[in-house]
Each structure stands twice: as structure tokens, then as C-alpha cells.
Amino acid sequence: MKVGYYPGCSLEGSASDFGLSIAKAAELMGVDLVEISDWSCCGASAAHSLDHLLSIALPARNLALALAQGLDQVVAPCAACSNRLITAQVEIKADPDLGARVEDIVGMSLDGDVRVLNMLDFVDVYGVDTLKEKVTRPLEGFKGACYYGCLLVRPPKVVQFDDPEDPKSMERVLTALGATPVDWHFKVECCGAGLTMAQPKIVARLVRDILRNAEENGADGIVVSCPLCHQNLDMRQLAVNAEYGETHRLPIYYLSELMALALGASPKDAGIDRHFIEATERVASLGQSGKK
Amino acid sequence: MERIGVFICHCGENIGRTVDCAKVAETAGKFRNVVHAVDYKYMCSDPGQAMVRDAIKEKGLTGVVVAACSPRMHEPTFRRAAADAGLNPFLCEMANVREHCSWVHEDVDAATAKATDLIRVMVEKVKQNEPLYPIRVPVTKRALVIGGGIAGIQAALDIADGGHEVVLVEKSPSIGGHMAQLSETFPTLDCSQCILTPRMVEVAQHPNITLHVYSEVEEVNGFIGNFEVKIRHKASSVNNALCTGCGACTQVCPAKKVPSEFDVGLGDRTAIYVPFPQAVPNKPVIDRDHCVRFKAAARKGLPVTEVTTCGKCQEACPIEPVKAIDFSMEDEIITEEVGAIVVATGYELYEKEAVGEYGYGKYPDIIDGLQFERLASASGPTGGVIRRPSDGEIPETVVFVQCVGSRDRAKGLTYCSKICCMYTAKHAMLYKHKVHDGNAWVFYMDIRSGGKGYDEFVRRAVEEDEVKYVRGRVSRIYPEGKKLVVLGADTLSGEKIRIDADLVVLATAISASKGVETLAQKLGVSYDQYNFLSEAHPKLRPVETASAGVFLAGACQAARDIPDAVAQASGAASKVQVLLSSEELEREPVVARVDENTCVGCFCCESVCAYGAVERKEIRDRSGNLVKTLAYVNPGVCQGCGTCVATCRSNSIDLAGYTDKQVFNEIRAL
Amino acid sequence: MREITGRACRDLAREIHEHSGLQVEECYQCGKCTAGCPVADEMDIPPNVVVRLCQLGQRDRVLGSKTIWVCAACQTCMTRCPQEFDIAKLMDALRQISHREGRVNPEAAGMAHFYEAFLDVTRRFGRLSEVGLTALYKMKRFPNEVMNDVFLAPGLMSRGKLHLVPKGIKGASSVRKIIDRCMKESHR
Amino acid sequence: MAEETFHPKIVAFVCNWCTYAGADLAGTSRIKYDPDIRVIKLPCSGRIDPLFLLQAFERGADGVLVSGCHPGDCHYTSGNYYAQRRWIVFRELLQFLGIEEERVQFSWVSAAEGGKWAEVVNDVVGKVRELGPFTRYKEIVR
């Protein structure tokens, strides 16, 4: 299987572990990720906060590149990226004038259809059952709290992904990997990633609530599919502990890390050793029994 | 030689503003055979009608065209005026220059031109009109009431007391409806069952009322005054003629864990059951989906009589020699003839399972209004003690949320459910009366308490019973430990509010009962986008429907509280009695007629007639030999749709009032 | 007492409609947005009141509010709005206008600076580099915030999560053109 | 090129119970629509004889609208169903005669759909306006 790939800026930086694990997982899944050549930043939250036109034009450049490269499906693992790319597509479809204007600004054609996939869409397209068959180290006994955050599910009319209040697709994947999803209540609460730098105090509060609910419901770790969520929940834990005098040490995993792991990769190859909160220990020994 | 009069109405400014009436009158005056054309401010006024009458007399008019509002509005008015002046009313037609012209167009020239055309069309039609005389049909002096809730009960009793027979059909095993589930009623807090059960008994004992419970309307044929209704009596497996309602059977039934519909899932019942102690009739039915014996039979693929499994209820039945319990009972179709029908099918609550932000009904301690009624009811599963479903504890803090589903475009219901403000106030009060040191919170958007003593009632909840009202919607509810976290806002102070509740009561929207649209289709009654049945006129004909002889009562038409439902039911009942008080009905003579000279007896008409109005008429010669068989349309049965006319191959059928001649003339006039 | 005029109401309603196609009158003030807003407590004006002030034509107050910058754009409000009013989009619109007109609330300037820094870096390299972003952001914020308070750069680098020199891309210049062009068009 | 707009003559055959009432509702709700339409009221779409339509064209109509109750909603239970069946046959006749199908529109408008009636009318008028005046009938019948 061949599919386009838009890593997005953070996978080259603070979320290198995400990038690494995706590459590994894809390799083990036998998927060929074709990177959009010379892709650029999608503008994320900055663009739509300061300039609407720009918030469409920046993603549009990458969509145009993908089309020029003849890609009909592109995985954008970062929830913010996929969200912005899809938003751009939706707005351009809804308003042809805007489309024309953007084409002119970008200097490239936007004719044609390219489907933007977030990580879960991607697994879905690949086939959860196919994935399940490929599992060599079922993550038996691992209890994960699937965390979707904001940008995967909202705005529902735009992203058209799963149930905005109680999504289940990540749970399905986790189950396929042999792990056990826990029932908890902060799946789609905001972690405040967008405010990380300027509003640390707010972010600490939001992160804390999420951590606590996951812990209360007996999770071994939180599973995410967005670099911003991960950065926040993983890196901020220390800040939270400092702020509230608590001792949270809840590992935060990328879904792709667990995929890679279950498909046979070592925690290191999956990038799990790169977290701030130690995360290798809990998963290192998983599924050894079932190893083929 | 035709002598047509044309009368153009300004309808004050309504028509005059966009249609140059004087000019239209002038032009119309020049039409062939038009001998009189005038315009006037209000044609429907007495002087206006007088103008019509006088012109008919003075100018010897043979036809009248009134250009004014929609014929649905004033056709009867002007036809009456014509009749008063000695002109056959059916020689009077209306051109709709208001609803179809002045109100929907802005350009004066265009509107004036269109008005002129519409008048020309009617002038040409009326030239072909012929005098028609109303058809008289007999009236079956019995009524059908569909639905045994408070509205249906009231309507049935009123009609029955009026001396007419009533057939009351209820789909569940007992009458009483939702009102029987309620604990107390606002604004007086009198016990619901105390005031309802006497009425239920009255129904059962009334000599004029035939009660069919556990039954549904299967098919409706005929028309006003002459309906034929097929009713499916579902197999209850209990012979009510023999059963004494002793209850021995229900005590021995091994299937004891069936969630009770009456207690909205908060309590259990047996497979053979009486829905509630005061049920009318007080006769059990076997719920075959849960009965051990029937399930066994289904598993083995055998008839239930062939299996030996269980049968305890039958053994326990003291009736001898023939037991009242009859497993072999099958559905029965009963046919009733009635002259009028009252629809009182009531409402259902919007499913809380549809509300994602409140947990999709996943959490047992988030309940709806009817469930709270059962908790508060002395006859309820907790004996009237407010205990939360999950662990039976008495809640210290209860949050009531109004407008769940209602006034919510995103959830697809834009209307206000009307009764929630009141019953929520009542719920909060009842809770406070039962749990004195408890905390009751109500989240509301607006308080709609228009009604006698209603607002005072709400104020009492706030001022005397210390119910805390918070103006704002709740965004989310989720469990945390043993508590339910309710995230709301108080828009008056601008504060975001978090309440850790033990029990949450959602005032879910009043929605039309499921499947009511199929019934509506059988009755030819129209319904709105929410499946609430449509009245004939929102203001002036609130209990009638577009389908003559069919009336509405209660929440099937819109959200209603008990007093409103009862009032409407009595209204419907009086309409029915007016109808049943006359020996025969006058019907518009708009019916099909067969030309016996040209009819070839192909009977295509028969095959398309939805009313079975086409009969076969045998033509015999003097010596009685059959010459030919022709179609004959029974004017009493024909509803005048004209489908047969357009279907007739030999062009031998015509429709009075809409003859080919008339229509072709109309078309040619364009 | 603040002046509230029918004209002001109409004008602001129209401006918002032209800017982002929103009808502020669709909001019937149920407060569900505020109820579900994760950061409402940190706002100077609750979300539903922001909409109310828009309905009342209070342009200066909304554009100068902290709220529009505290908003984390999590979209919870619009997802649950019973009137399907896109309040998140309204926040975007107000941020954009407020920034364009230089009315950013001083206490909330941090977010504006962050977004500016974000776009600056993107403008230079075509992609975002956290180092560049942090550096630039800190420069903008100095001395309000000190260097080492939030971003855990050393930790990141030791984990191979930061590259000091951002990867430039061939298309960097075209990205710059896009940003400049958009800014120019919007400011017209 | 500046030319004055063509005002087609469009005849609407509507049933009394749904579409006529729907048109009344459009009126009471003051929904504005194109004036180039003339309504002929019949009890039911089932009454509509294909000959009516041909006659309309013969008398110089540029387009025809036929509208009744929604399927299942017919006041006379099934008239609109026969109307629809007849309509399907009639459409073939149109093709045979070489009359553009767009000149004859069939629609369901209920008594509650004032807005839809306005849309339907504007839609028909618009389509026929594009097609221009209907002159071919004379040629065809000859």
C-alpha cells in the first residue's frame, strides 16, 4: 500500500518520536509513505487567529503540491495539520471565489481530489483487521485511556470524524493491538496545547484534570494521536506536579508507538524512550509470551 | 346567453397595494359575457356581499366571479351570498388574487396583469358551471377514539355522556396513558392517580363505551359520517370474558425481571402482567417476547400449545373448567363502523440516549422526567422515596436540566415543549418536600409559566422551597467517583458553574409518538416535520383536521399539559356530537358521473378508485336479458378526486365542478 | 452608562457577517458555550457575553477583551451550541480584527506575540522550528517573561527533539510570498 | 448583450389539498416569487388529464408545472400515485413529440411547504426562461 505523507513541522522537532514510530509502524505494516516534496507549514492555530485568508492559503500550498505529485490520499498525523488541511478543503469547496483567489496566491492549481487522513483514518483505510493479523506482540494487560483532544473530532461538520462526544475509533485500534481501552470521561476535553507558551498556568490546570481522570479510571497510560496533545501531557506533567504539588507520572503514548510495538518493534525503535515521563518500563515486557 | 358579474376586492391594502383593482375591474368589464365588473374595499363585508346580491338580482347574472382571497377563506361566504340572491351557489367562483398574487409579488404591473388573467380564467370556467345540489349522506351515530390517555378518556366520556356510542382503542394493556404514571400534578400538587382512576373506571363501566385495549387501528376506509375501521386486537393470551383479574397468574410467573414500561425501566414486572395495580381493565396480558413458554416454543420452532415448558400461570388460574389463560389465542381483527374519529395518541419523551454531552443515557443516575415521576410516586418502585437508580441512595444534590432536546436546532427540535418549566418546578418541589436538607438546582433558559396559578407555583419553588434556579444551559455531565459532575453556566452573573450532583433529571423534549405518521396516513391527516398532527386551522379550527370527520385531542397535535389536553378533548368531543346530532350530512356535490351512453364497461375507473365508489350496473332489456354492464359511481361514496375521469378510456366520466369543459375553458383563457 | 445604539448594533452585526458570514442574532444566550468552555475562568468576558456584546454593538469592548486571546480554539462551544452558531469562528474573526487594528488587550499580548512569532519563523524558513519560535517569542516578550520558564529546551535536545538550525525548504520563498500577499490583501 | 427578460407563460395544474394550500401558505407568509405563473386548481393531481397539458401548449404556454401531494400524503389516498404513473407515460410522449422535458415539471408540494412552492415556481420559470419561447408545438401538431 502506497500513501502520501505530510509529517508537519512538529514531527521534525518536538514530536520526532511520533515521526519515528509512524515510520516504523508503516514499515512493519508494509505501507510506503510518500512524503509531499518540499511541504511547508500549515499555519496551525497562528494563521487562523491572525488572518483567515492565510489560514486557507498555507494548507492550500501543500494540497496543491500533493495534487501535483499525483497523490490521492495523504496522511497528516498531526491533528492540527489534518484539521487545517481539511478545513481549507471544505472552505474552498464551499466558496469557489475563495478557491480561485487562493490558487492565484499560491500560484498552483487546486483541481482534483486528495483525501486527507488523520492517523485513525489511515488505520481505518489500511484495515483494523489487517493490522490485527500483523500483530506479533499483543499488548495484553495494557490499559490505555484513548485521548482524542479537540482537533481530531471538532468541528464535527468539518472533520466529519467519528462521534464528537464519545469517539470510539482509537479504542478499536487499541483493542486490535491486544490492549484494553479504559472507559473514561476526558476523551475530547481540551488540553490547551495552543496556549502552551503564553498561558502555562491555564495549561497546567487542563492537563491536570485530564491526567487525574485517566488515573481515576485505572489507565496505565494515555494514548494520543496528536503531537500537541503529547507535548502538553508529557512535558507539562512536571510543571503540573510543581504547580499543584502532586506526583503524576503517567506515561503518554502515541498510538503509532503502540502500533509499532505490537507489530514487533522495540520500544527504542518506536521512540518510546524519548518521552519526558518514563514510558518504556510499562510496555517493555508486553506480549513477549505471544511472540511468534 | 351568459351574464357574468366580476367583483374585485381590495382587501383593504392587502390586494390594493400591489394590484391596481380599479384597472382590473375596467379590463374585466370588457371580457365577453361580463355584464358587470366592480371593485370594492372589502367584498366580504356586509355591504360588499350586498353588492353581489344586488347585482345578481338587478343584472340577472348567470355566474359570479369574486376576485379576492383564497377560496379556502371566503368561498362559502360568497356562495351563500349568491344563494341568498337566488343564484345556485355553484355558479359562484373565486379568483385568488391575494394569496396567489398580491401577497407574493411586488411589481404592480406584473401583479395587476396576473390578477386580470386569473379573473379571465375564472370567468371562462364559470361560463361552463352548472347548478349543483348538495348530496345527502346518512351518518353512523358512533365515534371512534384512538388513544386511552387523559385526552382520549375525556373525549370518550363526553361523547358517551352525550348519548352516542364510543369505541375507544388503546394500544397498551390499560388505559390511563402518561397521566397514570405521574405522581402529583402542577400547580395544585394533587395526586394524579387520585383524580384519574375514577375517570378510568367510568370509561370501563359506561354503557355507551366499547373498550379495546391492547389493540391498534389497522385500516380506515370510508369518509365523514361513514367510516369503516379495522382494529387489530393483539393476542393477550388471556380471555377477558373469563378472567376475574385475581392476579394468581402473575404471582407464579417465573420471568420476574422484565423492565416495567410503566415504571420506565426503574422497576420490574413479570411476563404475564397487569401494567399497574389500578389498570383498566384489570386483566393481565402475556408479553410473548419474555414468556418462558413462548420463548421455548420459538426456540423449538413448535406451536406454543405443543410445548410443555412452564405454563405455571395457566395452572394457577382458578377459573374452571376452562382456564382464562389461552396460549393459543391469536390476533383478532374487529371491524367497527363509526361516523367520526378522534385521534388522541399522545406523546413520547425525546430519548436521552441521543444526547452525547450528557452521556448518551449511559449513566443510571441521569434520568428523565417520567422516571422521576415514578421515583416520586407512592405507587412507584421506591414507594415514593427519592432514591437514585445506581445504588438506591437518597440524593443530597439533584440537578434538573430544562430544554433537553427542546429549542435545540442542533438536535433537530426547534420548538418549546411547553410543559417542562412547570413539571421541573414541580419535581424540584417534590424533592425538597421529601428531602428537606437536600439541594435542588434547576438550569433553565427561560421560565414559561403562562397559565392559571403557574407562575405563582414557580415562584413558590424558588421562594418557599429554596429551589436554586440558574439561568443557563448545561454543557456536559460526566461521572467522577460516586458523583455526577454537571458543568453549567449562570448567564446572569456570567459565572461558569460546576455542581457535583447525586442525581440529574433531564427535562427531555415532548416528541410525537413513534409510528403516528402511519396512522395519520391511514386517516388522511397531515402532520408537521416533527410528526405532530396538523389541525385544520391554527387559530379557528384547532381540533379539526383537513380530513373531514377526523378530530384531534391532546399531545398528538402539540405539547400539552393536562388542562389543555382535557379542554381540547372536550372541544373535539363537542365537534363530534355536532356531527352525530344530524341524521344526514350535506356533502359538496363534487362527484364523478358516468355517461351511460358512451361507457364501454372496461372498469378502469373501478381499479383506480380508492373508495370503492365505482359499482357495476347491469342494463337489461324489457325481457330482462343482460344487455351490458356499466360503471356507476355511488355519489355517497365518491370523494371527487377525479382520478377515474382522467383514467377513463372512453372519456365517459366527468367530475362535477371540474368538468373537462370547465378546465379546458380555463386553459384556453390563458 | 455605556451608549448602546441601534445603529451600532446593526453596523457590528453587518461587519461580522461580511467578515465571516456569521449572524450574531442567531445566538439566544443560553450560555452553553460558557458552560463548556475549558478556559472561561481565565477570561475577562465569558464567551456568551462576548456574543451578547456583539449583538449590542459594543465593538471596542469585544476587540479589546482578553477573552478572544485566551480562547484556545478548542471548538467545544460550537460543537455543542443548540443554535449551531459558530462562536469559535467569531473568536477567530474578533482576534483577526483586533490584531489588525492594534487593539490587542495588553494582558493578552502574549498570545498575539506567540502567533506573530509563529508566522515570522514560518515566513523565514517555510516551516516552523520550535527553537526559532521560542527565541523569537521570547524576544518579543522580554522582559515580561524570562527565558527558561516554560520551554524545556535542554530536555528536548537531549531527546533529539530539537534542531538548533531549522531545516529550510526550497519553497521557503514561495511561502514568504503567500504570507506577505495574504497580509496585504487582508489589510486592504 | 442587453435584452429585456423574456416573460414565459407557465400554467400550473395543482391539487386543491396540498399544493394549492401550500401556495396559499406562501401567500400568508408573504414569500415572494416570480409572477410568470398561472395556477389552475383541480381537486387532485389524479384529475389531471395529459390532454390538459397539451391543450396548454397549444394555447401558447411555454411551460407547465404539475404539482400534487407528497407520495403517501394524498388527500384521496392514491390519486397522486396514478398522476405520477400517468406522468411517466406522458414524458415519453413529450420525447416523442420533441418537446423539451424541462418545459414540463412535476413536483410534490405539501400544504406546509409555502417556501418550497416559491422555490419550485422560481425554478420552473428560470428553466423555461432559459429555453426561451415555445414555438414548436404548432409545427409538431401540423
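We just call them A, B, C and D in the order they show up, numbering each chain from 1.
Keep in mind that, in the parts below, contacts are C-beta pairs under 8 Å (C-beta built on N, C-alpha and C of every residue); 3 or more make two chains touch, one makes a residue touch a chain.
Given the structure is predicted, the values throughout are model-derived calculations rather than measurements.
Looking at the partners of chain A and chain D together, the chains they share are B. The pair with more inter-chain C-beta contacts, choosing from A-C and A-B, is A-C.
The distance from the centre of chain A to the centre of chain C, with each centre set as the mean of the Cα atoms, comes to 23 Å. Chain C and chain D have CA centres that are 52 Å apart. Along chain A, residues 164 each make contact with two or more other chains. Residues of chain C found to touch two or more other chains are 76.
Under the stated contact rule, the graph of chain-to-chain touches falls outside the line, ring, star and complete shapes. Pairs of chains meeting the touch criterion: A-B, A-C, B-C, B-D. Per the touch definition, chain B reaches chain A in the complex via residues 356-357, 360, 478-481.
By the touch rule above, chain B contacts chain C in their complex via residues 357, 403, 407-411, 445, 471-476, 487-491, 494-497.
Chain C contributes residues 28-37, 40-41, 45-46, 48-49, 76, 80-84 to its touches with chain B in the complex. On chain C, the positions that touch chain A within their shared complex are 19-20, 38-39, 42, 70, 72-76, 78-79, 86, 88, 92-93, 95-96, 99, 110-116, 118-119, 122, 126-131, 134, 137, 149-152, 155-156, 159-163, 167, 169-172, 174-175, 177-179, 181-183, 185-186. Note for the complex: chain D touches chain B at residues 9, 11, 17, 20-21, 23-24, 26-28, 30-33, 35-36, 38-44, 46-50, 52, 55-56, 59-61, 72-73, 75-79, 82-83, 86, 110-112, 118.
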